[in-house]
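What follows is a set of structures to go through.
Two complexes come next, and they have one chain in common, subunit A, joined by subunit B in the first and subunit C in the second.
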Partner chain A sequence: MKVSRRTFLSIGSFIVGGAAGTALSPLPWKLTDDLSIWTQNWPWTPKPERGDVSYVNSVCTLCPGGCGLSVRKVNDRAVKIEGMKGHPVNDGGICILGLSGLQLLYGPTRVKTPLKRVGERGQGKFKKISWDEALAEAAEKLGALRAEGKSHTVACISGSAGGTVPQLLKRLLTAYGSPNFMSVPTMQDAYAVTLKQMHGIDACPGFDVENADFVLSFGSGIIEGWGSPVRMFKANSAWQDKKIKVVQIESNKSNTAAKAAKWIPARPGSEGVLALGIAHVMLRDGLYKKEACDGAAGFEDFKKWVADNYAPENIAAATGIQKETVESLAKEFAAAASPIALCGRGQGRTPGSQYEFMAVHALNMLAGNINKAGGVQIIPEPKYIAWTEPELDEIAQKGTASPRIDGAGSETYPHAKSLLNRLPQAILTAEGASPVQALLISEANPCYTLSDTQAVKKAFAKIPFVVSFSSYMDESAQNADIILPNHACLERLEDVPTFAGLSKPVIGLSKPVIKPQFDTKHTGDAVIALAKALGDKIAAAFPWESYEACLKETLGDKWEILNEKCFVAAEENIEAPLQFFTQECKTVSAEGDEKQYPFVLMPYDSIRLANGFIGNTPFLTKTVPDTVLKKNEMLVAVNPKSACGDSLSLKEGRSVMLTTPKGSAKVRVHLSEEIMPGVIAVPRGLGHTAYDKYLAGKGVNCNELIGPAEDAGSGLDAVWGIRAKLSNVSI
Partner chain B sequence: MNKEHNKAKKFGMVIDLDKCTGCGSCMVACMAENNVPFKADETNKLDSITWMRVYKLTNGKSFPDADFCYLPRPCMHCEGEHGHSPCVSVCPATATDYSHETGIVSQIYTRCFGCRYCMAACPYHARYFNWWDPVWPEGMEKSLNPNVSVRMRGIVEKCSFCYHRYQLAKEKAYYEDRREIEEQEYQTACTQACPAGAITFGDLNNPEHAVHELKKNPNAFRLLERLGTNPKVYYISSREWVRLAGDNYLRQEGKSEKN
Partner chain C sequence: MSTSVDQKKEVSTEVGDGAGGFAILFFLLGLVASLIVGWVAFPKLLYSQKNQPIDFNHELHIGLVDEGCESCHFFREDGTYSGVPKLEQCIGCHEEVQGQSKDEAVFVEQYVKPGREVPWFIYAKQPECVFFSHVAHVKAGGMDCVTCHGHIGESSSLKVYEENRITGYSRDIWGKNISGIKTNTYDRMKMDDCSECHVKKGVNQSSVQTGKGACFVCHK
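Up next is the complex of A and B:
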């Protein structure tokens, strides 16, 4: 058929006209709109159910901060965690971890039923068992050890020492016949030893930062999560409003250093020396509070010792800080009406050098701020748990009288209450069978958080029986034989004594917000059940029907008010006589040979990386910058001016081998002018092997690269870094 | 009708960068409130959805003179000139609109068909595209907030100044026979969560609201003001280099004309 020009044009104009007409009509737009609406109603997109909204108050147990929570619920679902208004710790504020707490509660890492290991240790192969079976098996193992006269070989690691659950665990061990109750040490332990040595009393420190008018921080991560994080954030903002000067002494420019009015980049590890340099100027120029110090025990000796050894010109080489800076710092500190000096590196998760703590505390004593507004408060240890001593049978008497495995309280370490850092070595160096035959772990993840993780895992492998009470499948739970999962935070009732440097500590009550989601059991109830199964005097030491009954009885008249308000004030300050010191405690230096390892590796804390026994939530990991984590690779921060030898050039993003005397790992380099030349800053909180795909396998655990450094004074872990080198990655 | 009751509102934010600690609570508060999804790998920040993102500014100097400052960036809810914000002007689907009643730039998910013109137009990178369907691990969908609909693959989303909270506050007020809501009744999730108290939120037009005075602070500035976007998020910093960084010029800019 021949198409004439006329036909062609008429058909053509019909098509063009039709297209134009359709385009001008609402049809295509309506279709596009319908299409987008259709694609948005695909059934796999969740539609959150509506319902009645309510708020339930509780207390956060994800860190030692003890913040009050107000949880929004829709029917029986918890949908949002917010800070509780009017709570003395956080007054409505809340930290990033607390905010994402529902991802832990509803997360895929929960241990949903009691589990028994079926594969090799650490393989993560478990089978589900019932609570009766699990408890019976644990009781049988413990009973057999006791019958063999090995009750003292049972140890317990608890996340904290305060509160009824840790105390029930301790009581179980005592009645059973073991002295080996250990808690995870933090800077609170180093402070406790400091107060014991410098005031002669058992006490906790409180820091009245809200009323201080000059803050001298020796590496404390004031806005990195030190103490009770939200409270410190609030204090930091109040200082900004009141124009209160904060001086941060820290080798790298941390967030705290960036916010401080003045940043003094002292050489890492020299903070204690610098503190005594400041003390020297205060004593030399008579700038200390004479009415507080003159006549105090050991003061004249201290004065002479500091005068002889710590003149600013003599410490300049060690600290890298000029004489003039020390002089002016001392004068400013002394001239302030209520100055305060803080220590405990970063978040204070590692106790630190006793020398450093004592030197910094000496500054507070010289400033006369002990038990004064804006100063250091001396607070007695919590006393509300006043149970009668358990009656011990013959085995228990013998067992508890035997020496502790970690050496705490012995002649060498008289002031320490527990030295968890010494446990792996004690197990590894023991001849014959492991001195620990059974281990209970509650609210702790030693396989991840202890320095020199490799040694910790080796030591764990030698313990024949490990019981974990963890709510989450963390590294330690993965290495356990039996898991007796606890209810998670917001599912359980628990008292939360909060010290964490608060000037007025509180006892909080963490109340269940929702019903337990899985077949879990409160650790308090599990302990009571274990004791009952062990029978006789052990059972008799636990007369309570349930944990709730025990808690109710323990709190007595506080119970009602706690139920209503979620908090009550703890004890008042106690009088603290001053005792100065002169013994030269050795500074803790970084392990390794300087020639072989030209760098110093220092872990750093970030509030966006949970580094304790609680791992990062997906939301938290999402906020980690790409200068810290890129895909699954971790970036370490290095100053571009660092000398690193001829064979290696530092380039942004370059893959390098990071080697320390403890191990090596492949990492990438992030060049940063915020890091002191010669220092490698490594984030703490990455490198998990357990948990879910949102956390496992991302980066390197810095604890694998650093070893414990036992403090000569306290025996606690004082490691702050290790020598390291960077080298090309061998292909 | 009494005119006073219909006075246009202009909700805005003042963020004190001297107080901001860069902790990221605002980011997570926002994600938890607004059902923002997450993936196993969120390190490619170009496709990582964060309605509120905390940036780190550096002064470019060497150790020990190096300094840095964190800057939280929600949607700026640009007013432009008479509501012509960059994104609203380009949206072919009217999925994003400027409300003259509240000053909030809305995003209507069911209208968006994912052309991403708005993302190209936004000078603040405040808009994010859903490249994947959101997936929550089993059980975690229990934590989803019913007041905010879950978005799906193929559409753009951004900060809404927690508009659902405004709606809830208004509903409550009407129920109690009030025509106006109090300042504290409508606060965004990030403002409420900020542990440092660095974020202040309210009606910029209302002299009784804290933001009204705060925005007049001599150290207050807005981001890329020279573009004429007229944003409703103000920042305060006592550090000059930070204020200068708020309007980052290209090194050669302005010089070429003279040459």
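Up next is the complex of A and C:
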């Protein structure tokens, strides 16, 4: 169409007129303003809740640290977690995980209703069922096993052994007829065996770090999350202020090592030998506390044995530490007024070599600091749970009398209470049907945290019936048949007995801050309901209406003060006679052939990575530096001086294949002087496959690459590393 | 030759004159149309009219309570402001139907008895990016409610809530007058109105919390 000049001008004039008129009207200015406000209201933009502000005190259950919390609420929503002022553990402080705990509470990884598996195991296909259906099905399966005389084939894995919920689970197993209650082992277990062997008593250790004036740490990640993290951070700051010397013995320059006055990179695994080398110098030069040690059981034998075998010049080859260093370390340690020696590798979330613990504890005994200010406190196990023994029927009597599947308490492992690390192997090596026919899992994620997770998953696949009580869709819940989700932390009432190396342990009360958001049930109530459904004497062993009634009755006169203050002090120290030992300090060696695998792989802990049952929060993952995790790829630290053969050159950021006798994974290399040559440092806490998109698929789970190493003394897992090699990635 | 040139000139003049008139006409048409759109149609389209769920009578209530506005719109112990009352404040008197009003019956039956909060439309709601503290203005600054909220406390009926379709906030923020001209302090409550008063009163020009100046007084 031909546009005439007139038409063109007319349209043009109309447009110009329109533009002028629009500019003279409020339309463009108002629209600009409104659109800018509209952009602030996009639905994904978080908005603070408005309303009535209140604070609720509670106790954190995200790690064993037992910190007091003060949670800020607006209306019914928890909006901020702060440390509780005046709480004996953390006095207002809070760690990065606790701080971001709301992301676990409100995040997408929660299990919202009881679930029943519909797909293959591990496929993650579940259907929603009601609580009545779920409990009835679990009770029916357990009842059928019991009727077949297989009650002893039911096992339970609990995140801890202390507190009423784990004890209710244990009681259920006992009344039902199974001895197989297991808890996830930590350094507390290794310490318990140590105290049993060196003082002859059942006790827990406390470390009076606040009053110590010389700290000798055998690989303990003091500011990596060892013990109760906030308390240790505060203690470490106080040491720096008071110029108290901290010596860190560790192959990796962790944050603790970097902040220490002295960092001694000893050969990994040789820490126990080094401790006895220090003991040798103290004994040789008469630097030990004679009034504490002379006349103690086995002291003369110990003295002679250490004198014969652990001279600093003789251990130099094993530890890689010069004679002079050992001599001066021993003298400094002995000269301090209240020195303390710590062990428990990294965060201490895994036990370790029994002899290493005993050797380090011997140093404390030689320094005369047992039950002294600034020393090791010997604290009795908590006794506030004093239920009457359940009455057992014939099946239960027979069942509980049968040997434990994990061998704990047997002649071979007399001091161990549970040996979860031995369970997968026991299932895999059994002939015929699995010795575990049903498994209950509470507050634990063995499919992620146990060494050699591939074998663990294989073993779990042989168990016909797995029940998980997890609040989150973790790796173990994903491999379960029925999930009976617990209320999450801050939604549930629970007692939290906290030891974690505190010099004055406390019993905390975790109070619900908000009402449960989903169709979940307190594990305590679920256990009571299961017992009632199983009937007869099992039901009779659980006379309580509800978990709350049980807890109230159990705590007795402590209930009121716990409700008010959220904590009460636990029992006083107990007398601890010294008993020295003369067993050879057997080092736990890394699995694998040295020629085939020239490196040693060592997992390391970081305060920025939650590595237990609780996974990382998105906020925590944000704080992980890109020398550890870059996008979804994990970096392993290697010293540039490491010899790795001609075929492979190490370059920063280079993709390599990391292979151990247990498996292999593609990782990237981070060159760092902060690691001993020949060692590969791998972060612990990455490589989840379950939970949500914020946690899954980032890096590699180091537990897939290492295998369990059973300690000859305790039977606990003492693995600290494995031999490994790096090779080119095949394209 | 010259004739043809003249002819051409004539033609072009003719065309030019006619087109010029049209151009002015269309310019004016465009101008008027857009002015009507901008001043009349646009405000009508921009705001949707919503009635409050209950027609609350401020005048009636203020005569029955002892402490004026603060009887229902009070400060919490920590200094935060309660804003629009919750059922909790109403329930003391309104557990049972009072008087004959239809709204009263609806309020008790549909909200008080089932324990459901009334979804009031809030005329004064500011965007999320604004940090506003009542306590700083009322207690520390000694301002009265009328300065910002007008004479709503004396009204016997709630006015229609005009919701901006784009932002979701009330028309009261920009002001009833689309051109933004105001005669009273409470006619509009945009950023300029806040800063006008802040400047006039010589308010501390930096944030108490952060110590930063300018924007940070209200945008934390």
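Keep in mind that, in the parts below, the second predicted complex is superposed on the first by the 686 of 731 C-alpha atoms of A that agree within 3 Å, B and C clash if a C-alpha of one lies under 4 Å from a C-alpha of the other, contacts with A are read in each partner's own complex, and residues count from 1 in each chain.
Methods note: a contact is a pair of C-beta atoms (placed from the backbone, for glycine too) under 8 Å apart; a residue touches a chain by one contact, two chains touch by 3 or more.
Here the structure is a predicted model, which means the values were calculated and not measured.
J.: Now for A:Lys2: first (subunit B), second (subunit C), both, or neither, which partner does it touch?
T.: A:Lys2 contacts neither subunit B nor subunit C.
J.: After the superposition on A, what does A:Tyr694 contact: first (subunit B), second (subunit C), both or neither?
T.: First partner only, subunit B.
J.: Please work out whether A:Asp626 is in contact with subunit B alone, subunit C alone, both, or neither, and reply first, second, both or neither.
T.: first
J.: Looking at the overlay, does A:Lys243 come into contact with subunit B only (first), subunit C only (second), both, or neither?
T.: A:Lys243 sits against neither subunit B nor subunit C.
J.: One more residue to check, A:Lys383. First (subunit B), second (subunit C), both or neither?
T.: In the superposition, A:Lys383 touches no partner, neither subunit B nor subunit C.
J.: After superposition on the shared chain, which partner residues are touched by A:Ile94: those of subunit B (first), subunit C (second), both, or neither?
T.: So A:Ile94 only meets subunit B here.
J.: I'd like to know which partner A:Leu35 touches here: subunit B for first, subunit C for second, both or neither.
T.: Both: A:Leu35 reaches subunit B and subunit C.
J.: Is subunit A touched at more residues by subunit B or by subunit C?
T.: Result: the larger residue contact count on subunit A belongs to B.
J.: Per the contact definition in the header, classify A:Arg50: touching subunit B only (first), subunit C only (second), both, or neither.
T.: In the superposition, A:Arg50 touches subunit B and subunit C alike.
J.: Considering only the touch criterion stated at the top, classify A:Leu24 as touching first (subunit B), second (subunit C), both, or neither.
T.: second
J.: Which parts of subunit A are touched by subunit B and by subunit C alike?
T.: Correct list for subunit A: 33, 35, 37, 40, 45, 47-48, 50.
J.: Show me the residue ranges of subunit B that touch subunit A in the complex, using the header's touch definition.
T.: Interface residues on subunit B, with respect to subunit A: 16, 18-19, 21-25, 27-29, 31-33, 35, 38, 40-45, 48, 50, 54, 56, 58, 61-64, 66-70, 93, 109-114, 133-134, 136-146, 149-155, 189, 192-198.
J.: In the complex formed with subunit C, which residues of subunit A make contact?
T.: Residues 5-6, 9-22, 24-27, 30-31, 33-35, 37-38, 40-41, 45, 47-48, 50, 52-53.
J.: Note which residues of subunit C are touching subunit A in the complex, please.
T.: Contact set of subunit C toward subunit A: 15, 18-19, 22-35, 37-39, 42-43, 46, 76, 78, 80, 82-83, 127-129, 164, 166-169, 174, 178-180.
J.: For the complex, give me every residue of subunit A touching subunit B.
T.: 32-33, 35-37, 39-40, 42, 44-51, 74, 77-83, 90, 92-96, 99-100, 102-103, 105-108, 223, 229-230, 233-234, 236-237, 240, 253, 255, 258-259, 263, 265, 517, 607-608, 618-626, 629-632, 639, 641, 672-677, 692-694
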